[in-house]
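Have a look at these structures, which come just after this line.
In what follows, chain A forms one complex with chain B and a second complex with chain C.
Take a look at the complex of A and B:
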């Protein structure tokens, strides 16, 4: 996560050249969501709309990214906290506009950050089916129920960028295994309640 | 020989001779041999032990081990076939008599079959093919305190390690779930249990 740097607020004032408030809003959202590596191309796209040089566009995009990410990192949700970040000399109206836009988006952005944080592969879907085994090479006739569980697992989002790799794993459980598993899950639930009630 | 219950294929010629040879064993000796056989059938992995017990039996009763092994091979044809075809003890008894075993010994074996068949059936069912069988599940849960993007988080995560048997190897699969996903998972598993129970 990039920290706010000295030149950032100077660069932010380039937004005064933006054609509309909506353009500013749009750019804020794009700058937050973009990973650092994609800021270059984003700056190139923003350039024409702002009528600034390539270098200025890069500085602006980088500064907006740092500002929005910093606010989300600190968990600010009050106007005063965000306003307090800006230097005295900063353009008042722009400061108010930016604060307003950030406040509108901060909770969505927080969720986005949490959803994309590093983790073990995540469970994204679960399907199941119950079969009755009627025959096999070791027994000609039987009626044994068994469960097939399909887990859809997504690799770490950070590693895959926009193309998350989802793999499907199908697992078979006998009734005994399922009972043991449920016992374990029940214990997890009890422990979770104990922690929640503390 | 009439139609047998335990197999549809023709029985090897040696079997009749082997069954006939069992006449030489007293009721007590046959009972001891039967015990050794069923102990092996209920614990099929204990091959070493089985062979040792056979060898001891041969020594104690002054029988040559070679012929004894052949006899045992013939005898075992019946319980193996009977297990596959879910035969009753009556049918097992009838088959032994048809093969040439005395009524007394056939009845005795059939009786032992009846006693052991629940265990043997459970074993056979347990050997049935399972795809990616779930062997074990370990878990831990904790709280994410902070991250590079969020200074203070405080969200609960649950990590599961599933041990899965793929062919003959074990594979570990690690998965992370959020709290709502965990409750959803638990709910689904309870539904599976209800479904399995209704079919048992």
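Take a look at the complex of A and C:
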């Protein structure tokens, strides 16, 4: 969990060496999205663009990661809240620029955080088909409608990193079992409406 | 599998055979291997779910073959005796007893529901939750639906599959099922 550390604001002022506002914007986005383990390589990539030492790049990237994640964690969406994080002595223009960039991105970042938080495996796709069984080795003629359902389920994103494992579950449903399913789903829908109206 | 079968206490083995027979007779949708395994483990027996599943499969095959060939109890016991490895005496006793009681009753003809090459849906459990807070967002209020599907695989064994959906995903999920149901009606 990102907490702002003492040296972070000092390190952020390294951004004054950035070539453009867009470069700052890009770096903010990359630092937010990067997991802590990938910050090292990110610093190495950012180094040449900023004309700073490797150590300064690392401190900067880490500070920016902490700042952006902290804002998302606290749920700040007003300029005052973000401005209030910076110490008095911090460079005014840089402070305003960073606040502006963060405000632009905070909703997207919040969604990103929610999508990658721990959870059970997630449903990613649902395909289905209705068949009629007309005969088999044991029954010559019949007309039994049946549903084939394929669920694509992605294992916990946090565990898989960049290579999420997607497994497919194929299930057959008869009319009866489909009705059972629908009944259950109907109850969830009713609960959702009840909760939404509170 | 024959070695592991000697680990299973007689009453649990009888229960497993009972479930297998009921499944073959279409009285129950599947065999609760996972649940049974947990109870056997709690009683102090060191057996894992994979081994129990293999044993269940073997017994299921044994009973269904015996049913198709209309074997009497004596014929079944003789077949067991001449099998690959010797089963422990208590296992033979259980199998003999279960077959004697219920063997004749197994319907030899299959109905449409038995030609499973994919899992058969058994049941669905659900939960509607709201995530309040996480290490990435202190105040979340993020609603989600958790679903556990109970599926009987082709061998009859029941496994659970759990997953989460966002609310928009759930709405789409529900809509798809309603469509499926209406297609089933018209077909």
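Everything that follows uses one rule, which is that the second predicted complex is superposed on the first by the 198 of 198 C-alpha atoms of A that agree within 3 Å, B and C clash if a C-alpha of one lies under 4 Å from a C-alpha of the other, contacts with A are read in each partner's own complex, and residues count from 1 in each chain.
Keep this in mind: a residue touches a chain if its C-beta (ideal position, glycine included) is under 8 Å from a C-beta of that chain, and two chains touch if they have at least 3 such contacts.
Keep in mind it's a predicted model, so treat the numbers as computed, not measured.
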Specify the outcome, clash or fit, for chain B and chain C once both structures are aligned onto chain A.
clash
Touching A:40 in the superposition: chain B (first), chain C (second), both, neither?
neither
First, second, both or neither for A:177, with chain B first and chain C second:
both
Once chain A of both complexes is superposed, is A:145 in touch with chain B (first), chain C (second), both, or neither?
both
Touched partner set for A:49, first chain B, second chain C, both or neither:
neither
Go through the superposed model and pick first if A:10 touches only chain B, second if only chain C, both, or neither.
neither
Which holds for A:164: it touches chain B only (first), chain C only (second), both, or neither?
neither
Have a look at 8-16, 26-34, 44-52 or 98-106 and say which bit of chain B overlaps chain C after the superposition.
44-52
Overlap of chain B and chain C contacts on chain A, residues 1, 69, 72-75, 110, 113-114, 116-123, 126, 128, 130, 132-133, 136, 138-139, 142, 144-149, 151, 153, 169-175, 177-182, 184-186, 188-189, 191-192, 195
Residues of chain C touching chain A in the complex:
109-113, 115-116, 118-126, 128, 131, 134-140, 142-146, 149, 151, 161-165, 167, 169-174, 176-178, 180-181, 183-184, 187
Given the complex, residues on chain B that touch chain A span 83-86, 121, 124-125, 127-135, 137, 139, 141, 144, 147-153, 155-159, 162, 164, 173-177, 179, 181-186, 188-193, 195-197, 199-200
The chain A residues in contact with chain C across the complex are 1, 69, 72-75, 110, 113-114, 116-123, 126, 128, 130, 132-133, 136, 138-139, 142, 144-149, 151, 153, 169-175, 177-182, 184-189, 191-192, 195
The answer for chain A against chain B in the complex is residues 1, 69, 72-75, 110, 113-114, 116-123, 126, 128, 130, 132-133, 136-149, 151, 153, 169-175, 177-182, 184-186, 188-189, 191-192, 195
